[in-house]
Structures are given as C-alpha cells and as structure tokens.
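Paired with subunit B in one complex and with subunit C in the other, subunit A is shared by the two complexes that follow.
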Partner chain A sequence: MSWYDSALLNPVYSKALEILSPLITETGAKVLLALIESFIIIMFVMINVLVVVYLERKLLGRMMNRRGPVYAGPPIVWGFFQAIADFLKLLTKEVFRPARADPLTYTAGPAIVVFAGLAIGLMVPFGEGLVGLRNEASLLYIIALASLEPLGVMLCGLSSNNKYSLIGGSRAAAQMISYELPAILVLVTTALLAGSIDVLGIAKAQDIWYIILLPLGFVIYLITVLAELERTPFDIPEAESELVAGFMTEYGGMYYGMLMAAHYIGVFVTACLAVAVFLGGYGFYGMEILQASIHPALFTIVTLVVFLIKVYAVIFLLIWIRAAYFRLRIDQLLELGWKRLFPLAIVNLFWAMGILFAMG
Partner chain B sequence: MAEMWVNFGPQHPFTHGLWRLKVKVDGETVTDVEPTIGYLHRGVEKIAENRTWYQFIPYNDRLCYVASIAWSEGYIGAVEKLMDIEPPERAKYLRTISFELQRIASHFVWLAAYAIDLGNFTAMLFAVREREFILDLLSRLTGHRMTYNYPRFGGVARDAPIGWEDRVVRNLNRIERKMKDFIDLMTENETFLKRVQGVGVLPRNKAKAWGVTGPVARGSGLKTDVRYNDPYLLYEEIGFEPVVMKDGDCYSRYMVRMQEIFESINISRDLAEKMPSGDIQIKAPKKPPEGEVFNRVEVPRGEASYYIVSNGGNSPYRLKIRSPAYIHIQSTKVIMPGHNVADLPAILGSLDVCLGDTDR
Partner chain C sequence: MGVEVFGKMAIYMVLALLVPVASFYLPKLFTPSRYSYLKAETYECGEIPYGTARVQFSIQYYTFALMFVVFDIEALFMFPWAAVLKNIGLLGVVEMVVFVGVFVIGLAYAWTKGALKWVMNYPE
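Let's turn to the complex of A and B:
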C-alpha cells in the first residue's frame, strides 16, 4: 500500500504508469514512481516542518509579548518565509569540521538524526489511504526508528572533540534511553487496546479516542515526547546556559541546519503519532456518512485536513509548554523518568487491561 | 568519564560579563572551581587620580552599567562628606527615588538573566518589558537611558520635569500589578522551584566569613544592609527594614530580590507622593579640603564603598573602590563544589555578579 492507492493519487498513478511503461518497461516505471512517491512524502513532511517552525516562532513570540518574525513572507502570514531564508543562509555557509573531529561519525550524526525522523513519516497515516508503507507491524518499525535518534545525537556529541559536546551527548543518551521505555510501554498499551500493532489499525480501532480511555497514557506520552525531542523543560542536552549548545556546539552551516530540521521533523512526526494513537487518527464524528456522500478524492483531502488540525493542536500544546516552563536538571529528569513515569506507564497498562476485561 | 577541567568563559553564555570559571567536573558533578577575573580591567581607580573631582563623576556610572546611579551615589556621598556639605531637601528626595528606581531596574536585569539561565525565555522578556517603565522614568529625569550622570556634589544635575511624580506613581503601580506575572511564572512554577530550592546553600557563618553583602548575605540570614546599618540620604526618616531570608539557597536569594523590588516600589512611590519643592543644588566648592573619607552605600548587588584620600589638590590623591560582586565571585569557590554542572548557572545567577565593578 502506498500513497498511490489513495483516491487522490490513484488516477494520476495509473495515467503515469500508462505513459512511462512503453518507455522504460513496467518495472522501471514502477521504481521511478516509487522514488517520486518518497520524494512527495518527504516534501510533504518538510513543508509541514516549515509550518511548525513558523508556528513555533510566531506563537512563542505572542506568548512572550513580542511579535516573532514579521518581514520575510507574504501578507497575512508575515514572516512565514523566515525559516526558508534561514535555511538558505545555512546552505550557503561553509561546511566546517573541527580539525580533530572524527570525519565519518561527525558527518553521520546529523544524517542519522534526519533520516530517522523522515523515515518515521513514511508509516504515518496522514489521511484515508495516505500511508507511505502499509505494514501490519508498523508500530514496531516506528519504535525501532525512534531509538535510532539517540544514536545520531550521541555520535554528534562524541565525535566533535569538544567537552561541552561530550557532556551534552552523554546527557542526551541517558535522557533518551530512560524515556524510551515509558514511551514504548504506552504505545504498546494502545496496541493492546486496539488489538493491532499497526498504527493505521490503532487509529481505526478508536471508536472512542484513546485520550478518553487512557488519559494517563496520553500525559505520559506527551512528557516522553518532550524528553525525546529535548524540548523545554527537558532541553538538558543543549542547555545553553552551561553547555553553549550541547552536542550541537561544534556544528555549523548545513550540518547545524540538518540538526535543527531533525528537531522539527521530530516535533511534527511525534505529534502525528500522538494523533494516530490517541486522538483517533484522521477519524472524526460522522466520517462514514461523509465518505458515502462525497467524491473519494475529496474525502481523502478532508481526512488529511482533519488529521493536520489535530496534529497542530498537539504542536500548540508543545509550544505552550515551552513558553511556560524552566529547564530541569538531568538527575531530576532521570528521577522523573524512572520513579514516576515508568511505574505510571505500568499502571496505565493495567488500566487498559481492565478496560479490555470489562469490554469482554 | 574521567575528571576533567571544563572552561566556562570568558566567552560563554554562562558568565554574566567577561570572566572565566574553570570547573573541574567528574561526570556531571563539580569537584572544584577556579574563578579568574581581570578581563574587563580598565584601571578606573588610577584614572581617578588623573581627573578632577567633577570629571570623575561619569566614570562611576560605568562601574556597573546596570546600576549607574547607585554607584555615582557612592562617590558623590563620599566627596560630600569630605566637603562637609549637605544637598537640599528636594535633591535628597530625587536622589533617593532615583537610587531606588535604579535598584528596581537592576533587579529586573538580574531577573531576566536568571530566567534565561534556568531555561525560560518568557520571564526574561517580561522582566525586560517591565524594566522599560523604570527606564522611561529615569530617562525623563536624567535624559539618559543607561549611564545617567545624575547626582552632583550638593544636589542633582537636573530637576524633575513637571508631572514626573505622578508618572512615577503610575508606572510603579503598573509594575506592582505586573509582578504577578513573575509570581505565576517563577515563584509558583514547580520546575523553577525544583531548580532553586536547596541549591547553592551558603550557610550563615560562611557568608559572614567570606564577607558577602547585599541580597546574598540577606539570603543567608544576615541582617546587613547599609541603608539599615548606616543610613544615608533619606533612609533614616523612612525607617527602612531589610528583607532577610534564612535558608541561604538560591531560592532565598531569589525571594530577597523579588521582595526588594516590592520594597523599592513602595519607598519610591511614597517619596514621590510627598516630594517637597525647592532648590535642587547648593553651591559646592571646586575641590574638597585635605583629608580622607570612607563612604558606603547599598548598591543593588550589595555594599559598595569608596575610600578617598585628598591632599587638597584638583583630583583625588588615592581612590579605592570596594565592589560587592568581587567578593561574590570569590564565594563561588565555597558554594559551587559538590553541585551538578547544571546547578552552576542557577548559583551564579543568584549571586548576580557584575564584572564592570569587579574588575574596575
């Protein structure tokens, strides 16, 4: 299953296959179209990342009693192109590597982090039929890729040959590993409730949104998301007041741009995952009636819009938290993770089993 | 990780100003620190010997650029003692009000820096916003926003513009109302309290032994305040009582400064309401007679004192400045070891050092 199976892209796909097959054989055409599809998905994620960056700057600005970016961009959404301008600036800068940094791991770090984020986007159901790669075990795939991110961050920290980076990298590793466990437990709980380890399956199984059935699970997931994304109050690995920029200290130019992009890809993708497993995915009240009465392509667009609205609601919450809280200390963070969230995640698991039992 | 030395400063977001802290860390724990100063040395004390008494007034403003009027007051008061003159009543009022307004402005700068040290940008911008209302008053009074050059021997440089007293009351009422923002955002914020409570304890006896003054000493339970112990200007009439907290941790120092903001608001508002009319300047001699004098004032950071020797000439024969921040930087050696690396900004921020007057 791919985006081409959706009602939106299917006509285009069959037309393109028809035209290309005589030219480069059917297999060749399918490979080419698959490449184009992954490009479309990446572009979709990246455009959303731009929106996330814009929203973060603008909303954070309004919350802090200032205006945020105002100059670059079209009317109504003043400042929207600021993120593009920043990326262009980073692209034109010299790619710099400290003399005694390890060349391979120094370059691999940002690449791994970006890859992990984008690859998760492949399996997220953005709308009716809009799943890049449908798999019966996609939750496992997402968990596996999410645990790739600490590796990239750790490589960044260890390879830079800088003491701030070293401390930042080791903090990041400790933080991410201790927060992965409660996150996985909560995701597994939702899978248990849905009877499926497919993200799409979990999303579709939610007649009642799991945020209502598992409010505790949603709170735990939100906290672990903040920790894994290194956002306030858990921006400890890049604590600028003591570690300059933590594991990113020695990165400049597009490497730095990649790390920043990876951060916002992470924000978007984890918000998508939160929507898929807790907020009913792209489902909404009266979906079946609407599906029967309008054109399938239009319906796909409606589901996509519904999904994105939910995603941006979650992202708004993340931004709000960033404006309101202070940075915790690493020992307090680990204590919170192991002594509070982990037991609570197990309580959440038992709660879900109770629900299953009660429902028969 | 083995023990290693990490350098904080002179170019580092952690140091408020230009100094350097060598920190020996064992993993995340600080085992030893070594403060190094001297990066901002300008030889102010020597400059004084080559300037006339009047020419040296503006240099005091530049000792600590966030508390200009307070430092000028120290020098002016010392020379007035030497000349044996007393400013007229209205000038005393203006000097006391501007002195207290300067304290509020300085504490807001500290608050802004402290918020950002602990990882919250919102409180920082709020503090800068409120400080603007003090700068509005001071710029109307003196014509400047930063280095005011306001007090003079036997008076002040300019009289307050018409309606200034009402403006003082109005702006201070606003600030008092808006202090609720900081109580919500910081004093009652769980993540903030976790970072400051019980951190960086300076016990009473150590505080006394190391000679700390100002909010740091008062946070450790010492009732020392020059305005209370050795009143000058109008402080005897006001019946000033210093704020004292017992615990000696970052939270106590934070609370002392927060309450001092309220106290200064009350003092300057009361004085502005009953400001007398009359002269603002008496005729002072060109140079003081032969002799020596010691004068101390309570600048926002603690006790600043001037020791001046005059041989009856055009300029001071010798001028010695005692800076509170100099002592506070040294006291990092007692407070910091044993803490987490992430506690260093919390501790240093609570000491509120200013390198302009430390290095002189």
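Let's turn to the complex of A and C:
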C-alpha cells in the first residue's frame, strides 16, 4: 500500500509506469517512482512544518496581545512568508562547528533527531489511501522511531563540550524516558479496543472516537506529548533563563534550523498520531454516504482536508497550553511522570479492558 | 512482498536521512567561511570558558533509567497481547492482570525504596 494506491495518484502512477518501464526496466521504474513518492511525503511533512512554525508564532502573538509576524509577503497571507524567509535566512548562514566539539557526533545529533521525526511520516495515514506504507505493526514502528529521538538529543548535549548543553541534554533524556512509558501504555489501550496494532486499523476501527471511550487516556497522552516534545510546561531541557538554550546552545546556522525543524516535525507527527488513534483518523460522520456519491479522487482530498483540520485543532491546543502555563522544575516533572501519570496509565489500561468486555 | 516493503522503507529512510545531512552541506556552497578564535570558542555567557565539559557528571536519574529499561520491555510485551485479546477472551485478561500486578509491585517497591526521587539521600 502506498500513496499511489489512492484514487488521487493511481492514474498518474500507472501512466508513469507505462512510460518509464520500456526505458529503465520495470524494477527501475518502480524504484524511481518509490523515490518520488518518498520525496512527496517528506515535502508534505516539511510544508506542514512551515505552517506549524507560522501558526505557533502568529497564535502565540495573538494570545499575548501582540500581532506576531505581519510584514513578510502580501497582506492576504498574514505574514506567512515569514516562516519561509526565516528558513532561507538560515540557509545562507555559515555552517559552523565550535573548535572543542566532537565533529562526528556534533553532526550526528541533529541528523538523528530530524531523521526520527521524518521517518515516522512513512506510516501515518493522512487520508483515504494516503499512507506511505501499510504494515500490521506500524504502531510499533512509530514508537520505535519516536524513542530514537532522545538518543539524538543526548548526542547533541554530549558532543558540544559545553556545560549548559551537557545538563540540558541529560535533562532531556531523563524527561523523555520518564514520559515514554505512560505514552506507550496509553497507546496500548487504543490498540486493545481496536484489536490491531496497525495505526490505519485503529483509525478505521473507531465507530466511536476513542477520545470518548478513553478520556483519561487522551489527557495522559496529551501530557506525555508535551513532555516528549519539551514544550512548555515541560521545556526544562532548554530553559532559557537558566540553561541558555540547553542542548542547542552550541548549534547555529542550519544545524540550529534542523533542530528547530525537528521540534516542529515532532509536533506535527505526534498530533497526527493523536488524531489517528484518538480522534478517528480521517473518518467523519457520513463518510460512507459521501464516498458513494462523489469521485474517488475528490473523496481522497476531502479525507485529507478532514485529517488536517483535526491535526491543526490538536496543534492549536498545544500552542494554547504553551501560552497559558509556566515551567515545572525537573524533580516535579519526574514525580508527575512516575508517581501520577504512570499509575493513571495502568488505571486506564484496566478501564479499557472493562470497556472491551462491556461492549462484548 | 518482503523486498517491496523493506526496499521502500529503505528508500524512504535514506531520503529522510539525506534531508538533514544535505542541509548541513548545502550552505557551504554559497556562504563564506571565516575562522576566528573567539567564534570557535565554547559559549559560556561571554565569560572565558573554564575547563572542559568532559567531566565526571553525576547523572542523578540513573535509577529512572534502570527502571525505564525494565518497564519499557514489559510495556512492549503488551502490544501482541492487545492485538489478540478479542480472540482469547477472559484468559488473556487474567494473564494480563497477573503481569501488570508484577509491574505494579515493582513500581511500589521502587517508590517505597525512594528510587523515584530526583536527588537521592536528600533529607525530606
């Protein structure tokens, strides 16, 4: 299963395969098309990242009674081009490495963080048929890659040879491992109700959205998302008033750009996962009727739009929380993770088992 | 089937890794690079850097890390169970209650021993 199986891209795919096969053999054509598809998915994620960056600045601005970005681009886009302009500016900055940093791990850190975020995009169902690769165990794949991220952050902190980075990196690792466990336990409950560990399977199994069946689970998941992404109120690894910029202190230019991109890729991807497992994926009321009555390609676009609306609703919530709350202390944070969320996640597990048997 | 799935995964992952790596080398094509001693120095809020960060650093959360390793593996065992519970019914529930029971006893033991504190040996 791939994006090419969707009604939107399938005609293009068969046409391209027809044209390319005589030129570079069928295998070659398939590899080339798979490469193009991978590129499309990555570009899709990256464009959404630009939107998330813009939304965060604009909405935070409005919530703080400021205007946020306004000048870049024509007035109709409300300063959206600011995100693009910032990206281009970072691209023209010198790529620079401090003399005392370890060259290999200094580069590997941000690369791993970005890679982990982007690679998740392969198995997220963005719409009807718009899933890069369908697998029976895609939830496990996503969790595995999500837990690769602390490794990259830790490497950033260790390799910079800066005391702020070292402390920031180790705090990040502590926080990520503390909150991964409740997150996994909550995701298990959604798999439990759906009887499948395939994200698409879970999304499709939701006749009733799991946020209604597992309200506690959704709250726990939202908190763990905030902690794993190091967002306020859990932004201790980069607490700017005490640690400069945490593990990012020694990074500049495109290195910094990639670390920021990785953060917003994380925001986008985890919001996607939250929508897929708790908010019914791309499904909506009356989907079957609509599917029967309009063209399949148009239906694919409709599902994609519905999915993105839900994703941006979740992202709006994350930004809202950032504007509203203050920062916790590291020991408070770990206590919250281990002594509150973890037992609550186990309660949620039993709750889910109860629901499963109540429904038969 | 296997070749197609893993081949595609490999293609995607190589491309995903290429994005950050390329972006580190792309600016080198059109940006000037001037070396200066101060620029390459470690940032310590404008002070002259003192010593190195490669020091014996007390990782206070190593007990958390140890517990994470144990509990993470336990949590991972739940996925196959979650996928098939609808078919195995009540037996699966009983087994998971026992399994989670061990889980909870382990957590309670660590809690009472004071392993869930950021600073150990710190007077309350």
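Note that the second predicted complex is superposed on the first by the 360 of 360 C-alpha atoms of A that agree within 3 Å, B and C clash if a C-alpha of one lies under 4 Å from a C-alpha of the other, contacts with A are read in each partner's own complex, and residues count from 1 in each chain.
Note that in this section a contact is a pair of C-beta atoms (placed from the backbone, for glycine too) under 8 Å apart; a residue touches a chain by one contact, two chains touch by 3 or more.
Predicted model only: the values in this text are computed from it and were never measured.
In the superposed model, C is the one of subunit B and subunit C that contacts more residues of subunit A. After overlaying the two complexes on the shared chain, residue contacts for A:D331 are found with subunit B and with subunit C alike. When the two complexes are overlaid on their common chain A, residue A:V244 makes contact with subunit B and with subunit C alike. Contacts of A:R66 after superposition on the shared chain: subunit B is touched, whereas subunit C is not. Looking at the shared chain after the overlay, A:L50 reaches neither subunit B nor subunit C. In the superposition on chain A, A:A323 makes contact with subunit B only, while subunit C stays out of contact range. In the superposition on chain A, A:S170 contacts both subunit B and subunit C. Of the two partner chains placed by superposition, only subunit C is touched by A:P343; subunit B is not.
Within subunit A, the residues touched by subunit B in the first complex and by subunit C in the second are 163-164, 166, 170, 244, 330-331. Here subunit B touches subunit A in the complex through residues 1, 4, 6-8, 12-14, 25, 28, 115-122, 125-126, 129, 185-186, 189, 191-192, 194-195, 340-345, going by the rule given at the top.
Put simply, subunit C touches subunit A in their complex at residues 5, 7-9, 11-13, 15-17, 19-21, 23-28, 30-34, 39-45, 52-54, 57, 59, 61, 64-65, 67-68, 71-72, 75-76, 78-80, 82-86, 93, 96, 100, 103-104, 107, 111, 116-119.
Against subunit B, the residues of subunit A that register as touching in their complex are 60, 63-66, 163-164, 166-167, 170-171, 232-233, 235-236, 239-244, 323-332. Across the complex, subunit C is touched by residues 2, 31, 34-35, 38-39, 41-42, 46, 91-100, 107, 110-111, 114-115, 118-119, 121-122, 132-133, 135, 137, 139-140, 160-166, 170, 174, 177-178, 180-181, 184-185, 188-189, 191-192, 195-197, 244, 249-250, 253-255, 257-258, 330-331, 334-335, 338-339, 342-343, 346, 349-350, 353, 356-357 of subunit A.
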